[in-house]
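We just call them A, B and C in the order they show up, numbering each chain from 1.
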Amino acid sequence: MEFAGSHILSVHQFERTDVERIFAVADRMGPYARRRRVTRVLDGAILGSMFFEPSTRTRVSFGSAFNLLGGEVRETTGFENSAIAKGESLYDTARVLSGYSDVIAMRHPVAGSVAEFAAASRVPVINGGDGSNEHPSQALLDLYTIKSELAGRGRGIDRLRIAMVGDLRFGRTVHSLSKLLCLFERVQVTLVSPGELRMPGEIVEEMRRAGIEVIESDALEASISHVDIVYSTRIQEERFGTQAEADLYRGRYRLNQSIYTHHCEPNTVIMHPLPRDSRDHARELDDDLNDNPNLAIFRQTDNGMLVRMALFALTLDVVEQVDKHARDVNWYTAGRF
Amino acid sequence: MEFAGSHILSVHQFERTDVERIFAVADRMGPYARRRRVTRVLDGAILGSMFFEPSTRTRVSFGSAFNLLGGEVRETTGFENSAIAKGESLYDTARVLSGYSDVIAMRHPVAGSVAEFAAASRVPVINGGDGSNEHPSQALLDLYTIKSELAGRGRGIDRLRIAMVGDLRFGRTVHSLSKLLCLFERVQVTLVSPGELRMPGEIVEEMRRAGIEVIESDALEASISHVDIVYSTRIQEERFGTQAEADLYRGRYRLNQSIYTHHCEPNTVIMHPLPRDSRDHARELDDDLNDNPNLAIFRQTDNGMLVRMALFALTLDVVEQVDKHARDVNWYTAGRF
Amino acid sequence: MEFAGSHILSVHQFERTDVERIFAVADRMGPYARRRRVTRVLDGAILGSMFFEPSTRTRVSFGSAFNLLGGEVRETTGFENSAIAKGESLYDTARVLSGYSDVIAMRHPVAGSVAEFAAASRVPVINGGDGSNEHPSQALLDLYTIKSELAGRGRGIDRLRIAMVGDLRFGRTVHSLSKLLCLFERVQVTLVSPGELRMPGEIVEEMRRAGIEVIESDALEASISHVDIVYSTRIQEERFGTQAEADLYRGRYRLNQSIYTHHCEPNTVIMHPLPRDSRDHARELDDDLNDNPNLAIFRQTDNGMLVRMALFALTLDVVEQVDKHARDVNWYTAGRF
């Protein structure tokens, strides 16, 4: 695809070469995200950050990524008091607000609404999550993390063996990641969930059509013995009618250091889209894994910066200029990464 | 007036030459707002954005305008948890907060409170709307749009023929625009509203005293046949006691392409302060006007950037330095305007 | 202490030389805060501003201070919708969010939580208030103000005579200031409060152990006759069960110009952490003091900028570079200070 001026709305818009292009640019963002260098390539540019549904982590990650490229951020959060509540169409909102920035990152609770907004926007729009539909930058950062973690072992994403564990029905991130994996060769995906929280059938079908070997299971230990990645997820309690219903599933799959030691291969990487639920009745990833060097969950969020910087650099077409506007960092940065 | 260091509180503080000065500066902001050039003239300056009442559009417009001049924005929104709730006077709030910025843009639900705040502020304050009282930057951007739309026809604001339609009682923007029009010659204003929502008598009187020909009507079609501008407004439902009461008036005046074609002159410009109410029971400006090249509603909001940039440049006295701190834009900007 | 990379969590972490170092750096920030000069030393750096409890004044002060050094601010306010509500530990929150910024300023309603967060953070954390526990930057700006106000009289903090008046039980600022005063010589502290709102015994003990002469009283006039500073405080109504309970104490001690003239020494400095309660039933500092040149309450908040700039410059280790990245201000600044 041609990135300059494009919206980033869905993982389905990418071919394999597009993903590889994004990852190549993300690699080049490392020195800036790690504070070895500062670049001001987007000095003067404005990101419109519009989160019609709260998400501290994603919102701040987009904003900081834009700041790291030298740009400014104008934020809008919340929904109740907006013009939309006074009957304004998304078309009007998009026409107006896209006149105030150079690129927009947007989250919205209604599936499809970010694409509807983008259709009327005069600047590129990056989907930061539209309901249970899409969250492409999360899927990209997950896949980029898989690539990075396996690179040290001389492995690529082809032939990946991954177990996805937990709430696979409501967990948007595993849906998007599954779709992205369809672009790669000889992938094996093991889906571990309670029967009621299985991965939607159409996604399983999409994976199988793409040549992915899909195994479904409801047992944790047996499913994580021969995988490169265990991708754990939280029970999406906000999608259930009651806490009691969520409690039926919470705590069903708990990975801790003991289970890891007894069942996983020595270098199995542990991922999670975060937040992980650390309350006693949940603990899908126990705190005793925090010292395990294969716990990659915080490298994941760090990688989110690289991927989002790459998406901005690509849609605003400044990839080749990033290094030209760079200089040394002159403040304390020890211990940062 | 002398702009440097001045507050911008009311349209009444302007003489005609002041308005013309603001518009001349706004014209010079075009290349920056349209992303042909970037200026950093206010690099290091801080805008204190204080919206004690929500307004996404106005808040973001002020903030982005300041960013376009190179400055930073520190925002405060909401009211409930502020020091004011603990008994702090507006005087104290102003003394404190004006120490944190170089200029302030403020909205407040109580009429007169922005002026009270400004009296204690140590930096210039721009009124972003104080209850049903004043919203000078909106009136200026409306008038600037009128000027710009008519300029292509070799016309100025003198001899303007304009119809204001809808809720003229509670619509703050038509009040302020009416006052500004008093500065110009041989203007004709047609006021179209239900009897209960007529323009306040004192504003009608003010216009007549200034020499404006004012016609009042409750019929749409007959009133828009010989005007340069139709300025449509939303029913301000939040000012009514109940939705049922608002429903009495909502949908009363609906302008659509068919009515436009049959009743308006070929080049009549359509304006609206936005948001327009696009729900079925309202639709004061139908979506089928979206392809009409004379629909100027999004040019209005774009012009808001120019006017607000001009107000910042004037009150901070950097007009003549804007171009000296300019350089080319190095990111993707196609399709922006 | 070594400031570079350190957290600023408690006044107890400072020795006298540390306080003097902070104040010396704060002195050097004056030209930038007063807009004589602009520095861009932190151009490219990001402050993560995390206010899990609202505080307009402190939040904006930290943000503007960082902007004055050239850095960017990414803000998070509120608590309800955050990942923490989904069961995320402070450890996880800190690990994630500290990857998005170079330094963090944080307020949290729970005592000790900022320190817990800091323990997992990869960047320096500055405590902006953790419940009723600590608020070190406020204590520092109070003490810096005392130093500055007395400097013109050839006095230092040693031998200070200060009266603290009002709600000494719940007022966090007087607790922290008392602790800081323990670092100085021959200080005399008079505590004026209703019996029920006395300074906690352990803090009185700490002061006495440090050699401070502590006098307790419940009478205002007699206690302010021979002091350099009267430090007045608001009744912390939000800490009482009911407004009726707060009303028992509100308005008990009212300092106004008449009392000041009759009872204070001619140059006695009046301080207050703000907000002061200007409602009729409170008025601990009457508005008729506003023209008294010894009313230092707004110099206090201005000094907050200097002290917070100093804390950022020290923890990010750029003190010696601030002046190297400086240039003249090119916008209107008259009347600022």
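In this section, a contact is a pair of C-beta atoms (placed from the backbone, for glycine too) under 8 Å apart; a residue touches a chain by one contact, two chains touch by 3 or more.
Treat the numbers as computed from the prediction; the structure is a model and nothing was measured.
Peer 1: If each hop has to land on a touching chain, what is the smallest number of hops from subunit B to subunit C?
Peer 2: 1
Peer 1: Suppose a student superposes the Cα atoms of subunit A on subunit B; what rotation angle should they report, nearest 5 degrees?
Peer 2: Rotation angle, to the nearest 5: 120 degrees.
Peer 1: Looking at subunit A with subunit C, do both copies bring the same residues to the contact (over half shared) or different ones?
Peer 2: different
Peer 1: In whole angstrom, how far does the Cα centroid of subunit A sit from the Cα centroid of subunit C?
Peer 2: 39
Peer 1: Using the touch rule from the top of the page, what residues of subunit C touch 2 or more other chains?
Peer 2: Expected reply: 72, 75.
Peer 1: Which positions of subunit C touch subunit A when the two form their complex?
Peer 2: Going through subunit C, the ones touching subunit A are 4-5, 41-46, 48, 72, 74-76, 81-84, 86-89, 91-93, 95-97, 99-102, 122-124, 315-318, 321.
Peer 1: Which part of subunit B faces subunit A closely enough to touch in the complex?
Peer 2: 35, 38-40, 54, 56-57, 59-61, 63-64, 67-68, 70, 72-73, 75, 234, 237-238, 274-279, 282, 287, 290, 297-298, 301-302, 305, 329-337
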